[in-house]
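In the two complexes below, chain A is the common chain; its partner is chain B in one and chain C in the other.
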Partner chain A sequence: MKLVCDRIALSDALALASSVVPTRTTAAALSCLKFVARDGLLTISATDTEIGISTPVASVSISDEGEALIPADKLNQIVRASEDSTLSIDVNAKNVAVIKGQDSTFKIFGHEPREFPGVQAFPASKIEFETTAGMLGRLIHRTLFATAVDNSRYAINGVLVDRKGKKVRLVATDGRRLAVAKGECTRAGDGDAPQCIVPTKALNVLGKLLSDPDDPVAVARQDNLLIVRVGEGADAATLATRLVEGSFPPFEDVIPKEHDKRVTFDAGELTSAVRRAEILTNEESKGIRMAFGATQLVLSSRAPELGEAEITVDVEKYEGEPMEIGFNPKFIMDVLKVIDSPQVIIELKAPNKPGVIKAGNDFTYVVMPVSL
Partner chain B sequence: MTGDATTSTRGWPRTILHVDMDAFYASVEQRDNPELRGKPVLVGGRGRRGVVGAASYEARRFGCRSAMPTGQALALCPHAIVVRPRFERYRADSDALMAILERFSPLVQPISLDEAFVDVTGSERLLGDGVAIARDIRRLVRAELSLTCSVGVAPNKFVAKLASDLEKPDGLTVLPPVGLAARLAPLALERMWGVGPVAAEALHRFGFRTFGDVQRANRDDFVSIFGDSGEHWYELSFGRDDRPVTIERTAASVGHEQTFGEDLRVAAEVERHLLAQAEDVAIRLRRKELKATRLTVKIRFGDFKTISRSTTLDSATDRTDVLCDAARKLFRAWAANGFRPVRLIGCTAGGLVEGPSQLGLFDVDRSEKQRAVDHATDLIRAKFGKGSIGRAGRPDADE
Partner chain C sequence: MTRSPIRPLPTHLVNQIAAGEVVERPASVVKELVENALDAKATRIDVTIEGGGRDLIRVTDDGVGIPPEELPLALAPHATSKIVRAEDLEAILTMGFRGEALASIASVSRVRIVSRTRDADAAASIEAEGDRIGAPQPAAAPPGTSVSVQTLFCNVPARRKFLKSESAEASRIVETLESIAMGHPRIRFTLTNGSKTVLDLAATDDLRRRASEVLDVERAGLTGDKAPLLEANGDEGPLTVWGLVGRPELARANAKHLRIHLNGRPVADRAILHAVREAYRGLIAPGFTPLAAIFLELHPREVDVNVHPAKTEVRFRQPSMIHQGVLRAVRRALRAADLVPAFELAPSAPAPAPGAPLAWRPSGGGALSAPSWSTPSRATGGMPPLEDIAEALGVKPWAEPTPAAPATESPSALPTVARAVEILQVHSAYLVTQDAEGLLIVDQHALHERVMFEKLFERVARGPLERQSLLVPAIVECSGREIEALESLAPLFERLGIEAAPAGPRSIAVHAFPSFLFERGVDAGDFLRELVAKAADGTLGAATGEAPTALATEVESALADTLDMMACKAAVKAGDRLSIEELRELLAWRERVERSTNCPHGRPTSLRITMRDLERQFGRG
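Right, the complex of A and B next:
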């Protein structure tokens, strides 16, 4: 395999593919990136056996077609440290890769390309739905933050994908708060798709693939894999991920159906107030008190041996009796960071019942209070 | 040295008290049971593998010491009376002691149930100087607890602890900053904090036996021989120690463990003991208003090999059922991989947090009901005693 490529384009593709490469592995092939140069195109692939990614590299000129398996770590360092505008990569039959710039020659010992486990190709016949990168990226952004690292009862180290007709929603929870983001498909298969749970890491990588909001996205299922294609034709990138096994908690049951208090805030003002109240909380007292009244919300916090804070926010509109409730400020800040509407609505029932934060019709966030 | 009690602590840079109860567990037993007074008492396990937790001064005269196997202590003092420890009782007395200390300063640092540092530097203007406060503390402990304690008054923690030990029992010792090095010089290095038998032997090998020996050493040479510890010891030999009295608001962990008279050969039996421990841990967490985020099970075998297994809990909890479930899971996962007879089992809750508690989304009904159950059992225990109610299957259920 022999080719010359634009260093910046190569660097971008390497960074993306490397985000899948496992940091610690005993299998040498998994710590490598696979290069395939064929029909004028260079594709770089990586896998940790759970998630696989294949991404095309723009601006390449191939003089000898072929395949190569090159250690990701060293290749990345070389390409990032280089100041050349183009680099040539030449891999011989003994799997030695020679990377040349204007004043540099690197030799890296690669591996036999056949040792690479491969990345599942996109199965065009099994498309579940199609949408845009902008839409899918927005749904991921609004849910991914709410996933758990680990939980002994439920499979919540991932995001639930649920499609009914052309409506798709992503749901994430860590057992204390729950984010539900809804969107529309541009095209969808018949009927409803079976729900599936996509691992957090895969969605993190996928988020990076979705950088151009206008890119078309197709999502397919095959066995216990979810395969996503971003872009069109030969320029399309593919991500395949194993799905999380296990059961998602009964999230529909915990979304409150009724409320008797409803407050409307300017999103910016609420964000500023919560951020300031959070200053005087600490690891042990992770709660801020929120006292809702007809015209004002008073937030207060206390950190033992440090001090106290009190912040007052004007309420745009309050319906219901005054009420006091405690929340972990992080859970409120997390959601305020991802909603982009100028107004937020908080619905409440009682100090020991979940609160609901809404932004528009397509986003619902349920958060359990802390008992003060 | 008690004559020092006339010294004033006015003008000292800091005034630190070290308060140490005299033969605490044994004294509590003698106070509560007049028949034990004036007699050698050993508080501890009675069995073949029992260990002395505390020895009364009458028993100490025969050489009995805490942490000594009960059998050995009884060989030294065959007529000693062995009493089973009642930790609940000691804890109540300890709480009362700390409450007395807190009347004199907010800076109270408990070291164990029967020992604490008090920084009274800021209290002297209001409550009298350090020596007067020490006298008041000793008077209140005697009046309110019917127990005696020894108090050391010094410019820092290390010297205060050293001082309280000099005139034990029932002593008050003041070691003022002026002339301190000379006062410490004749003391054996074994009295130095952090110098155990091994370190002492190393020091002896180089000819250091007293504080004075270290004071006379060349600092650089001394440090080059003993490293970081050497630096610390050198400072301590002059009575220099600038560690602050810190308020430990949260215990690092809450745990129970039990050594069996005979190794237990049946897994289910070990599990019963473990679950009872988990329940007791939950009760103590609730009493201290703490919640645990981690649970550790410790298992020791007949050959003293010890293993431990830990799990992180989904959320901070003080619920009996959650802690018992976690302990059971850890134990069964270990037992399924090859059970061996068990000499000791222990259960410790760690990663403790206090304050407001985050509610969960998916176990609302269960947690509210279980909380009510825990609350009810806590009330019943408080009223009718420890054996009155507990989870079914506790090994001590019939007591």
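Right, the complex of A and C next:
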């Protein structure tokens, strides 16, 4: 395999593919990137056996077609440290890769390309739905933060994907809060798709693939894999991931169906107030008290030995009786970061009942209170 | 069936029955006889046994002796020189008082007494076996009394059969004698088993010396420059507590080396044992017992020792005050000490420093013991009230009850780790730094666990832990017994920020869990499963191995255990890399929290190599 490529384009593709490469592995092939140069196209692939990614590299000129398996770590360092505009890569039959710049020659020892487990190709016949990168990226952004790091009982260290007709929802929870983001498909298969849970890490990588909001995205299912194609034709990148097995908690039941208090805030003001109230919390006293009144919300926090804080926020609109409730400020901050509307609405019922935060019609966030 | 007529029991049968209570085994004979010797103001007591005490027990003292004419009375039941009237029972100062010991012993063995008063020219002897008491005979002996008991239980084969092996009975005798000797350092004790000298405790005024011999501090393998025994002192109302308590690393898996004396008498009171163990909670491993010699001085009015003939059980008028007083005194001693164990690099270090002598303070009882052998009460008539004697002798054995002074919280005795000092994390598990005394090695998990525990403990004292509700309850599968145990945990849950309820015949639903534990990545379901399992098998709150006396104590113990579980799960683990800020903070906490030298399970958090040891190892010493 012999080719010359644009260094910046190569660097971008390497960074993307490397995000899948496992940091600690005993299998040498898994710590490598696979290069395939064929039909004038270079594709770089990586896998950790759970997630696989294949991404094309733009602006390549191939003189000898072929395949190569090159250690990701060193290749990345070489390309990143280089100041050349183009680099040539030449891999011989003994799997030695020579990377040349204007004033540099690197030789690194690669592996036999056949040792690479491969990445599932996109099965065009099994498309579940199609949408845009902008839409899918937004859904992921608004839910991914609420997943659990580790939980043995439920499969909640991933995001639930649920499609009914052309409507698609992503749902995430860590057992104390729940985020539901709704979106539209541009095209969908007939009927409803079976729900599936996509691991957090795969969605993190997928998020990077979705950099151009106008890119078309196609999502397919095959066996226990979810395969996502981003872009079109020969330039399309593919990500394949195993699905999380197990059951997602019955989330529909925990979304309160009614409320008797409804507060409307300026999102920026609320964010600032919660951030400040959070200053005087500590490990053992996490919660902040939120006292809702007709015109004002008073936030207060108290950490024994440290001190106390009180912040007042104007309420744009309040419906219902005054009420006090405690929340972990982190859960409020998390959601305020992903809301992009100027207004947020909080719906409440009682101090021991969940609070609901809404932004527009396509986002609902349920958060459980803390006792103070 | 024909009716048996009711008849009074013959005297020797009454005595045999009484003997069943007083004389259980050879060790109880030793105890009774040695206590008589103490009451006779002996300065030296020699005990000889043969055949584990079955064949022979001889106790010889150099006390006041018994005049020949009183010898037969000494063997009569309920004859004593120690009690004159019923009021005296309210204020018992002597060791023996029931007046049944010798008679009981004689009823189940062959007893020979040889005694000589100090001013007599010759000794007299008397022999008794069963209900036959011989006449006094002239004999030759130095001043004092020697009581020999032969063929114990010869006429009670049932009891003789229940005796343990010779060596087991002998070791009980050693234990009994040690226990008494602990409370009487000014008296020399020897014990000879066959031809072998088992014990030889020199008379001393230094309690520390007697304690280190009796408590076997040397065999505990303690090294370093710190005294193995710490001085404890405290007053709580009418109670005075003093004595020596061992460093936590001396604790043993058995309770043989925890000696408690009340008014000069060894006692085995569960409440006191519990208080001592409680003071060591978190400093020693569960199931271990600290090594200590603790002396309680209490006005006899405050305690009833006449609960059982063996007199090791007592009944306090204000048991919670006693518990509190002991707990505080011991805890204060431990808090005031630097408990970081120093360890040897090579076995060349000298034996540990013994520590400053601790002058023996005779118990009110011991100092005032009325001689039992010289003044039999029936012969001489009434004695003045004991308090008058005390006053006449110028002894003030008991302080009048005074309101307890608020316990002053002494700051941690740990040498400070200088703020600017370098801290090295070794293999993501240990921290190495220096303090004023030398090189300090800290187990990061153990220390963090202790810090977490103390923080939680303090927080719970102030109010319930903050509770985070769960969106979907965590369901825990468990047994029916565990579901039953859940109910008993309700008062704990209230304080700990846990909300859980049965969700069926075989499962529990957790509805809320402390936000603190969530933050530290502790799984609510796993935690509850472990907690109810512990509660169901009775190990929760029972780590001290002692049935707590009051319900409140039980709840507190369970609370401490649960907080301990929380702390353990929330603490950093071995293998967690810590930033320099985290390392600094952890070490700073070491000086701020109590008992930071040990994790809540009692394992040490820190070890020290002293400068002295380093110098020695590098050949500079």
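Here, the second predicted complex is superposed on the first by the 372 of 372 C-alpha atoms of A that agree within 3 Å, B and C clash if a C-alpha of one lies under 4 Å from a C-alpha of the other, contacts with A are read in each partner's own complex, and residues count from 1 in each chain.
Simple rule for what comes next: a residue touches a chain if its C-beta (ideal position, glycine included) is under 8 Å from a C-beta of that chain, and two chains touch if they have at least 3 such contacts.
Since this is a predicted model, take the numbers as computed values, not measurements.
Per the definitions stated earlier, placing chain B and chain C onto a shared chain A by superposition produces a clash between them. When the shared chain is aligned, chain B and chain C each come close enough to touch A:368. Once the two complexes are overlaid on the shared chain, A:249 sits against chain B and chain C alike.
Of the stretches 146-154, 326-334 or 578-586 listed for chain C, only 326-334 runs into chain B once the two complexes are overlaid on chain A. In the superposition on chain A, the residues of chain A contacted by chain B and by chain C overlap at 150-154, 173, 175-178, 249-250, 254, 283-287, 304, 326, 328, 352, 354, 366, 368-372.
On the chain B side of its complex with chain A, the touching residues are 247, 249-250, 312, 314-315, 353-362, 364. Chain A makes touch with chain C in their complex at residues 149-154, 173, 175-178, 249-251, 253-254, 283-287, 304, 326, 328, 352, 354, 366, 368-372. Residues of chain C touching chain A in their complex: 455-456, 459, 462, 464-472, 474-475, 497, 512, 515-516, 518-521, 523-526.
Within the complex, the chain A residues that touch chain B are 150-154, 173, 175-178, 249-250, 254, 283-287, 304-305, 326, 328, 352, 354, 366, 368-372.
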